[in-house]
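Worksheet for the structure shown next.
Should a chain be cited, it is by its letter among A, B and C, assigned in written order, with residues numbered from 1 in that chain.
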């Protein structure tokens, strides 16, 4: 068990290392001088040299690479080209904002999706089954940014129920710390993106639950449970659903990782100050250190999601023994 | 002549949870098995599942490499021949497998199934392929061949599929054929048809057959000589009547006692 | 060739077995037709600016002349919509095909040869599994520059990962089948066995994955267009939404924003449904019907 954990952790670090290296060389492949946007060629050469030294750009490539990796290992992402502030400061609580947007809606989608999926599989609902599946597929297929825009159009502009974007009312400051996220104003801003992401994420757990329920219902032990005289509801809850929950539980962390990677679009629509929005802006402004940091952070979450999914799978499925 | 001299096959131990200082012993599938078979002769290899008889058969056709020992085919060393001219070896010895469903590629039609060996032997001429496919199917009793050539194997019965497998093996005109439990997955009514077909190929075409089975009834009607295998070792061998009527080894006796008697006579 | 015909026929038979499948397939084919014949179907040049009484026809609501109204630059929305099918399908099919080719080959090689090659290829796949998809595509585009083919390349580089794993698992069980042994002892070389005996059997599974990749690629192409990283010279559905979003006029002109989103939703759903219908028969893990 311990050796399995260590091996997986080691591989996780290797994955991140490979990606970090790829990032580093990708940006150095850029045609032209990537620093030209930051350090104006019009400046006095001495001033240029000072700035280059500050960003560590005066050293040979391999030294820059080693320094980059060493800094990454200490979670030091360097300085933003644009603002010259430390990247960690620029990122601040962007990651937490992204998670605030994604995590609750993802969990809600999982719970509701699983219940609906279980229900339509259990009832073998026929026409209703088809309708629900098609609807869920449509929700998943609609571009999430477009659904967001439509939601703003209807609920914010037409009905004036929710703000059109941002995490707090402009002009207000968010309270620091956890309490900031429980601020009614923040929750009010969260509501619309929450529902949009909820609708988008609903389909996957629904279909997964439906498929595994359909497979479980056919198994002998369900008939056995029925023969024991358990009520239909108890058979559904205690036996069928519990078995179908395994694939569901193990995919949740993985999906969270993917959701973070995909949060760019939903954050753009709602001007939600998360990691994705920061990254898009940084790409547009050629602020590579910030881009790199955002990329590595979402990579970290994706990789960690897979890692946790693997652990959960081992912990929940008694048939799996760690090698 | 096909000769195997002291063939042994061992598999490396399973690397499980065992401690490094307690290496499990390697698994011996076949231990020091020797045999020979001549054209026109049928050698039966009898044993229960796990006795190593299939591994022995797979070694004879080159699907498994013997851990030690050697095989000679027509006076040539098989390991040498495989290295020098793989194709020539496969033209001398072929195999029919137990499962007539799994041994036909589900994506292939009858024509493709039966001619694929020729394609692998660099025969590309469509006319030649057509003619030989027809010939091969008729030889195994799939007549009229033209009708079968157009169908897909999934339309065929188990017995017809096994005939197709035999046709595929025979299309290369091998002198030796290893049949690994060719009837164990077929209906009782069909299995004697297959046995009759194999018998005909031996008597009419002078094929040498190695018939691997656990079915004693078919052995008596088909084989000239038999070998009894148990746990990777050959415990008894000799002419079929001698071994089956007057078994010397205790295990052979037990095996015969466990089998229902009543062997129908089969005409070739 | 024959194999493609056979699989194609099987594909259509399976998918059209249900009403949902029939409708979904019809939608896909309709889009294909629209995409191919876009220049003849579209009422106007999508980039043409329309004037009325000498004034630019800005944000005109739907009318008989402009069924879906006009954009803030006086362009016909319907024509843009029709032209927008092309990049969606081009990107979708190219990415699906590219990913399937890479993924299938990696899965085939890893599953068939096993050992060190398998280990190396699968660890590599695991690393790629950790790549955050959309950020990666954005970063790649910022390096290579915006363009349809750069976008396709960036997407293919990541999206092969799913089919590689699934196909490897299938190859692992296929290579134990006796027909592989039969091919080997009739003279089939390793490569012939892999590509002539085993590969045709993973084709249905590869097709299922292609459908899912196709759907995902169309959505991603729209997302990239919406984020403003799309090819500026190509009219795409995502790009239309981006234009509407960037012009700040989208909330005043629903006829401009709604159609591209609906189009993406309908097409992507149709592709998903077709893929799932086919999968329910083909995927051994779903047990067939």
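FYI, contacts are C-beta pairs under 8 Å (C-beta built on N, C-alpha and C of every residue); 3 or more make two chains touch, one makes a residue touch a chain.
Predicted model only: the values in this text are computed from it and were never measured.
A simple rule picks the central chain: find each chain's mean C-alpha point, then take the one closest to the mean of all protein C-alpha atoms, which gives C. Here the two chains linked by the largest count of contacting C-beta pairs are A-C.
The distance from the centre of subunit B to the centre of subunit C, with each centre set as the mean of the Cα atoms, comes to 48 Å.
Between the CA-based centres of subunit A and subunit B the separation comes to 57 Å, rounded to the whole angstrom.
Centre to centre, using the average C-alpha position, subunit A and subunit C are separated by 22 Å. Per the touch definition, subunit A reaches subunit C in the complex via residues 11-12, 14-16, 18-19, 23, 26-27, 29-30, 130, 134, 137-138, 140-143, 145-147, 149-150, 152-153, 157, 211, 215, 257-258, 260-262, 264-265, 268-269, 276, 279-280, 283-284, 286, 291, 294-295, 298-299, 301-303, 306.
Note for the complex: subunit B touches subunit C at residues 58, 61-63, 86-87, 90, 93-95, 97-99, 102-107, 116-117, 120-121, 165, 168-169, 172. Considering their complex, residues 3, 6, 177-179, 181-189, 192, 197, 200-201, 203 of subunit C touch subunit B. Those residues of subunit C lying in contact with subunit A across their complex are 20, 123, 126-127, 129-136, 138-140, 142-143, 215, 219, 222-223, 226-229, 238, 241, 245, 250-251, 254, 257-258, 260-261, 264-269, 272-273, 286-287.
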